[in-house]
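You will see two complexes here that share chain A, one where it goes with chain B and one where it goes with chain C.
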Partner chain A sequence: MPKWGMVIDLETCTGCQACTTACAMENNRLPGENWQDVLFYSEGSYPNMKLSWLPRPCMQCENPSCVSVCPTRATYQTEDGVVLVDWNKCIGCKYCMVACPYGVRFYMDEKPVVEPDIRAAFPGEGQRSWNPPFRMPDEYEDPSKGIGIQPKGVVSKCTFCYHKVSQAPEGVADLDEANPETREFTPACVRVCAPKARFFGDLDNPESKVNELIAEKGGVRLKEETGNKPKVYYLSGGGAPVVPGKRSTRS
Partner chain B sequence: MDEINTSVSRRRFLQATGVTGAAAATAVMGVPGTGLEATSAEAQTARAQPNTVVTKNICHQCPARCGIDVYTTDGRVHAIYGTADHPISNGKLCPKGPLGVYILYDPDRWRGPMKRTNPAKGRNEDPGFVPISWDEALDTVAARLNALREAGESHRFALLYGRGWGASCAGLQGTFGKLYGSPNVAIGHSSMCSDGSIISKKMLDGNAGYNAYDYAHTNYILMFGVGFLEAFRPYNNNMQVWGHIRGRKSPKTRVTAVDVHVNTTLAASDRGLLIRPGTDGALALAIAHVILTEGLWEKSFVGDFRDGRNRFVAGQSVSPALFEEKWTQGLVEWWNVELKDRTVDWAAGITDIPADRILATAREFGSTRPAMAIYERGAHAHSNGIYNGMAIHSLNALVGSMYAVGGLMNQMGPSYGAMPADENEYMDDWAQNGAWKDMPRIDRKGSADGYLMANNMMQEVGPNHLAGNPYKLDTMMFYLTNPIWTAPNGQVWEEALKDVFIIDTSPFPSETGHYADLILPDHTYLERLQDAPTYPFQGFPMTQLRVPAVEPLHDTKYYGDVLIEIGKRMNGPMGEYYRALGDTENVLRHLAEGFRADPGDNGVTDFESWKEKGVWYKKPYIYRQVNGTFYRWDGRDYTIEMTEEEVQANLLKTPSGRFEFRSSQMEANAAWIAERTGRDPARLMFPIWEEPQHPGGGDLFLVTPKVALHAEGRGHNIPMVIAHLQPTVGGRGEAFCEINPATAEARGIGDGDMVRISSDAGEVTARARVYAGVRPDTIVLPMEYGHWAAGRWSKAVPTQHSGECTINQSDRVTGQCNYYTTKVNVTKA
Partner chain C sequence: MASMTETAPAVERGNHFQMHLIVALALVAIGGGYALFELLQYGKVQFNTTNYGIFWGFPIVVYDYFLLTSTGLAMVAALYHVFGLEEFKFVAKRCLWLALAGLMGGVAVLFLELGNPWIALWATPLNMQTSSPLFWKVLLVGAYTALLAIVLLGTIVNRDDRRNPLMYAVGLLALLITLAAGSVYGMMAMRPVWFGGQLPVVFLIESFMGALAFTVFFTHLKNGFNHDTMRPQTRALFEGTLANMFAISIALHFILHAGRVVTGLWSNAEGFQVWGHIVASPLFHFSMWGCIALPFVLMLLPATRRNGMAQILAAALVMIGLLISRYEFIIGGQQVTLFKGSWSPEILSYSPSIGEWALLVLAVGIANAVYAFAAWKLGAEEHR
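What follows is the complex of A and B.
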């Protein structure tokens, strides 16, 4: 059983947001409710102002605080380590949203990010919050995994494109869009990334490209102090001198 | 929750439906590598796999022409990814690419052909469109055009177009104008696009086109106002290249980017230079000055002093006889009339960039090979754009990057077969000798009293028609352009287009469409069969094909077929010509015949294989300059040395066959240029510095860039775009006016306040975003919103349109519309 993880290389990321829009297309996200967002920051004064950005998917923690707080066990981890939400069990209490240190869980609000509400243009029936003509194939929808059109009253989150990665051939080290054998199983945000700033693979496989990059370029995880143990690593130029993370052991 | 569970239990194995018309280009998706193909019983037992069909198409949201795989299941298009074996997209996409589903399923699309019932036209007039049949629509157009022609006034029909894609759409227009008899069929939008670079390059190297670039092998890129990581085409491939040259290539390519605000390009570069708008030429001249004084020019391409001793010393003239030029012309004369005084300190005063940063940039650029200097509208959309462009492009010659590895090339065309019929056999007397041939173009392109040297002047069509000078148009047709909105000071067009019969062919409502008498809606791109030869990319020839993913959702017709159907209804031999063409599919089949004799690298040899692969291409680019010698590809390597005549015929297409710092073409038009601009006839043929003219009457520069999510012609009505348009300053839901903190404070403007932006052309409001990354003398407002007749989402965005306070001023030589040069007043609203 793989332990899927992601590496995001900030040295080559161009801040284009293709990860955001590809995720939204693949997972039928409402405009602006981004499972995969890119956050922009600026600091300093003219003329020496620094503009920077950080792509932010779900960190798919090994020790996810969202799972431990869920009162109905709607949020759970799969055998291959992906954190999912069972929409059939979720009661929309939002405890998980409070517990998540990374702000990557979403409750569908009545007020849309963009007016007029696209849900009115493509209305759904019953609990189906909307029904876009471009919605994913019926075979991919799986409310027990939080995949498909998000119903009213539940929380949703990045699934690492579980409808894709869970179908991957057994034993592969990486899901690489450049490899025709694994292209269709690669998460949308990784597959689309033009500068190839994203990599997806098995963290338990010492030979995987993701492990190679984490080692070669000094991968770090966000908010290690929470003890959540994210499975998303960031690279920012490589080299040995980096802020040490919990994965490191002091010599 | 029952509904959800019910939907699960309803899962079934659906057969592909509604995807006819694309059979030859489809492939059923399986689960490659697992042995569990989707159609096998075993796979269906393991897990229901969708019966997905993938068709090849070309993205329509910018000029780049990325090959895309369109995923259709149960008749629904639900995913778009880059085509893996397409040379531009390579399986990748920019943020716009996946949003094509929104364009196909836009609920505001026209449903079919319509005619206007309210003769009054204006922003607040309801057109009163009513549905009509295609026959009625096409007959109406043909009757009108036949009558106009019989009255000897065929020149009063104009066809204006924006993004022409290929031979089966815009490629048909020129022939239509030739057979019908109008100098105004067709008028392109290039002067409102980027003719400033095309014509400034033409003056120097003789090629009237955008360059192809070998980014992957360059070690230095110097960018002037290009938005490389936002808008420079091909954006998707630029980002692929960026990952390579900035992350994986050895040595890492160094980048200096010049702009007026900090965008993602400047942030990701090694050095960002914030320049005073319109002064890029001064910076380039100072860099050239340093390259010469410090002896950094590429001697194998430019030549050298005969005795090898560098005599370029600031302020001192040099005798041309001492210098022997190789592939350039006029270097020492340029030095004497201009460059010798263009010191770093001089440029610092003009550009507002510190001298030490200019010097460092110049030394890096001059001493790193290969290096390239690239530029677009930021640099040349000013009254002095011709010279800014010439100065920047001259840097490419000084460092020898023309046609070199890691340098610049020109784009080769595809090996198309012949059209089904030769239009020259269908020319009647009027077509051959009619009085229309003596009529000027409505935009005065090519006229001494207009824009003698320009390619197009679409921005002048509205004002000229309004003035009835040179004449009044009778009928105007539009393809993929919406000038009532996109033209600078479009308010003039709103008035001008009230008294002319208008035919719009957009699939979508638009401001120009709001004035239409007839709507003949096109398919959207995912429904079209359409060719698209590449824009300048890597030089080697390539042409792509759009294959319909689904049957047209509505009663629409491909624009190319609309032209052909109108043509068939024209009297005389013109109608016969279009009957011989048949339809666009027949045209495409004939074009594809050319591939038989010249198969693509990917095995494309005919129409069917073209549909299957979506692209024909043939690598490599066949010319290369190495250390001052030009070679041609021999099939395996660049070994065939080219003569000077061959270089002139194929590459440096100037009268001298060299890269002309002293431009023969400028010199040939010196009297006209001097008369119209007051420029010095002794200097105007060189890349010189000239102060830009900033109209508008205000004190702040208004710069209105296109941003990464600007999906051509439709981004404004895509809610996913609206949610993400301007991420660098948090522009989500609307576009912000970036204003420097000091500038804002002096005007009592706080972050988030509404501001009034006004010029002599008009006034708009926008929300201020106080941003330390923008120059204090400049505001930046993306050109995106302010649509009033283009769809429900764009209408709801509060940001108004930058064009309404942009003055219609153009570069007299290039015709380039000066979009980024107006000065405005900004006050708290």
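What follows is the complex of A and C.
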């Protein structure tokens, strides 16, 4: 079994949000409720200012607090270490959202982040809370894995594009969009990253590119103090702090 | 014996409870009607919670407030049923009915807040996620509800005040629910305002203190807020043992609350800046001084603890103050986001929507309706 992980190179990332857009299209996200987002920060004031940005998917923790707190096991971890939500079992208690240190979970029944509410323009039927004009092929949908159009009353999160990566050929070290053999199985955010700031592979495979990058460029994880052990690593070239200062103000 | 029977004539009593029931049902109609209309028409998007920080809003505050009041009341009843404190005999049955009333009010609000409440009924017990405090809370509340209902059924059938051995289990479950409710917040190591092993104890003290306030208030309400019609034993209890317990629990609550506030204000750690925000609000000072310090003084001074109006005032202030501090605690714990982004200001803002307020009205209405009906028809206020 692979242990899928991601590496994001902050020196290469331009903050273009292509990953965010691709994720939204791939996973039928509501506008503004991005499983994958790029967060922008500013510190200081003009002319002594620093701007920074941080791409932030779900950290797919090895030791996920969202899994421990979920009273129904709706949030669970697959054998290959991906944290998913079973929408058939989710009761919408939002305890996982309270317990997630990274703020990467989304409840369906909230005010729209972007007005007007697109759900009203594209009403859904059956389990589907809305009917996105852009949406993944029906055969990919799997409510037991939190893949598809999010129903009402449940929480959703980044699946590492599980409908793709779970189909990858056995034993591959990396899922790389540049490799025609693995392109189709690569998560959407990695596939579209133009400056190639994102890498995806098996953290348990010593031959994988992700392991090489983490070792050679000093990959770090966010909020290590929580003990959640993310499987998303950041590279910053060692020059600047990876995580924008905690006291950064909104930009 | 005069002292063993009600002082108010039966007919008058019936009218009194009927009136109470009518008012309570009106509250149910207003609060429930508005909340249901909003939920059916627009859904929960009308609540002021968001995906960007404030996930648990006012309905959770109301639910926890009513649930912990219920468990506290069961513990007060256990003082008679389990520990044999005879002084509490004449308030024990009232406490048990109020415990059921509070429970029903709180659970009703929870059902309207949850995304899929009916799934919770089977998915929680069947999936055995023992690492989740909520799993234990749901399981314990289920057992507590069933046993409390059986105990109360016994009081309807027998119409007496005999000690019930089942109350050992009810009392224990009430205690465990209260501790589990504290753990739901206290175990969140990633949330500095909530985190701490002392939280279950804090919840226990608050629950007991709130229950004493409700006991005092509803006993006076039953007597039409007329101190003179109160049973002598109850009056002695309210001026003696119960007043002492009430004063001590208020003092403990004050110490624990003030301790957390001072620690929070002193610390530079990320997340604690919310304490500065809380302390800057007039609501905090009203709850701290008006709803904790003042009731403590009222219960401490011999002249005021013997005065019916002072008892009612102290009880009412504590009931209000607890709701405020529960609100500050639950919302405040989420106001500094754990992971900031461009969307996140220093302190997130939140205030309940009209629909969320309506749920409080609904809970108050349901709880009062259950109690008033039990008092009117099911012998909740008869003693033998």
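Heads up, the rule we're going with is that the second predicted complex is superposed on the first by the 233 of 251 C-alpha atoms of A that agree within 3 Å, B and C clash if a C-alpha of one lies under 4 Å from a C-alpha of the other, contacts with A are read in each partner's own complex, and residues count from 1 in each chain.
The rule we apply is simple: a contact is a pair of C-beta atoms (placed from the backbone, for glycine too) under 8 Å apart; a residue touches a chain by one contact, two chains touch by 3 or more.
Note that the structure is predicted; figures quoted are calculated from it, not measured.
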Is this a clash or a fit when chain B and chain C both end up on chain A?
fit
Which superposed partner A:K196 touches (first chain B, second chain C, both, neither)
first
Of the partners chain B and chain C, which touch A:Q17 in the superposed model: first, second, both, neither?
first
Looking at A:Y107, would you say it contacts chain B, chain C, both, or neither? Reply first, second, both or neither.
second
In the overlay, answer first, second, both or neither for which of chain B and chain C A:S52 touches.
first
Tell me which partner touches more residues of chain A in the superposed arrangement, chain B or chain C.
B
What is the contact status of A:V98 with respect to chain B (first) and chain C (second): first, second, both, or neither?
second
Partner chain in contact with A:C70 - chain B first, chain C second, else both or neither
second
Could you look at A:K223 and tell me whether it touches chain B, chain C, both or neither (first, second, both, neither)?
second
Contact-wise, after the overlay, does A:F40 reach chain B, chain C, both or neither (first, second, both, neither)?
both
In whole Å, what is the nearest CA distance you get between chain B and chain C after the fit?
5
Which parts of chain A are touched by chain B and by chain C alike?
40, 88, 113
What does chain B use to touch chain A in their complex?
1-5, 7-8, 10-12, 14, 29, 31-34, 47-50, 52, 73-74, 76-82, 84, 91-99, 101-102, 104-105, 107, 229, 236-237, 239-240, 242-244, 246-248, 262-264, 266-268, 274, 708-709, 719-720, 722-724, 727-730, 732-733, 740-742, 771-776, 792-793, 796
Chain A - residues contacting chain C, complex
33, 37, 39-41, 54, 56, 65, 68-74, 88-95, 97-103, 105-113, 117, 152-155, 222-223, 226-227, 246-251
Note which residues of chain A are touching chain B in the complex, please.
9, 11-12, 14-18, 20-22, 24-26, 31-32, 38, 40, 42, 44-47, 49-53, 87-88, 113-116, 118, 121-122, 125-128, 132-144, 151, 167, 169, 177-178, 180-184, 188, 191-197
Touching residues on chain C, where the partner in the complex is chain A
43-45, 47-53, 55-56, 114-117, 119-120, 123-124, 127-129, 131-135, 137-138, 184, 188-191, 270, 334, 337-346
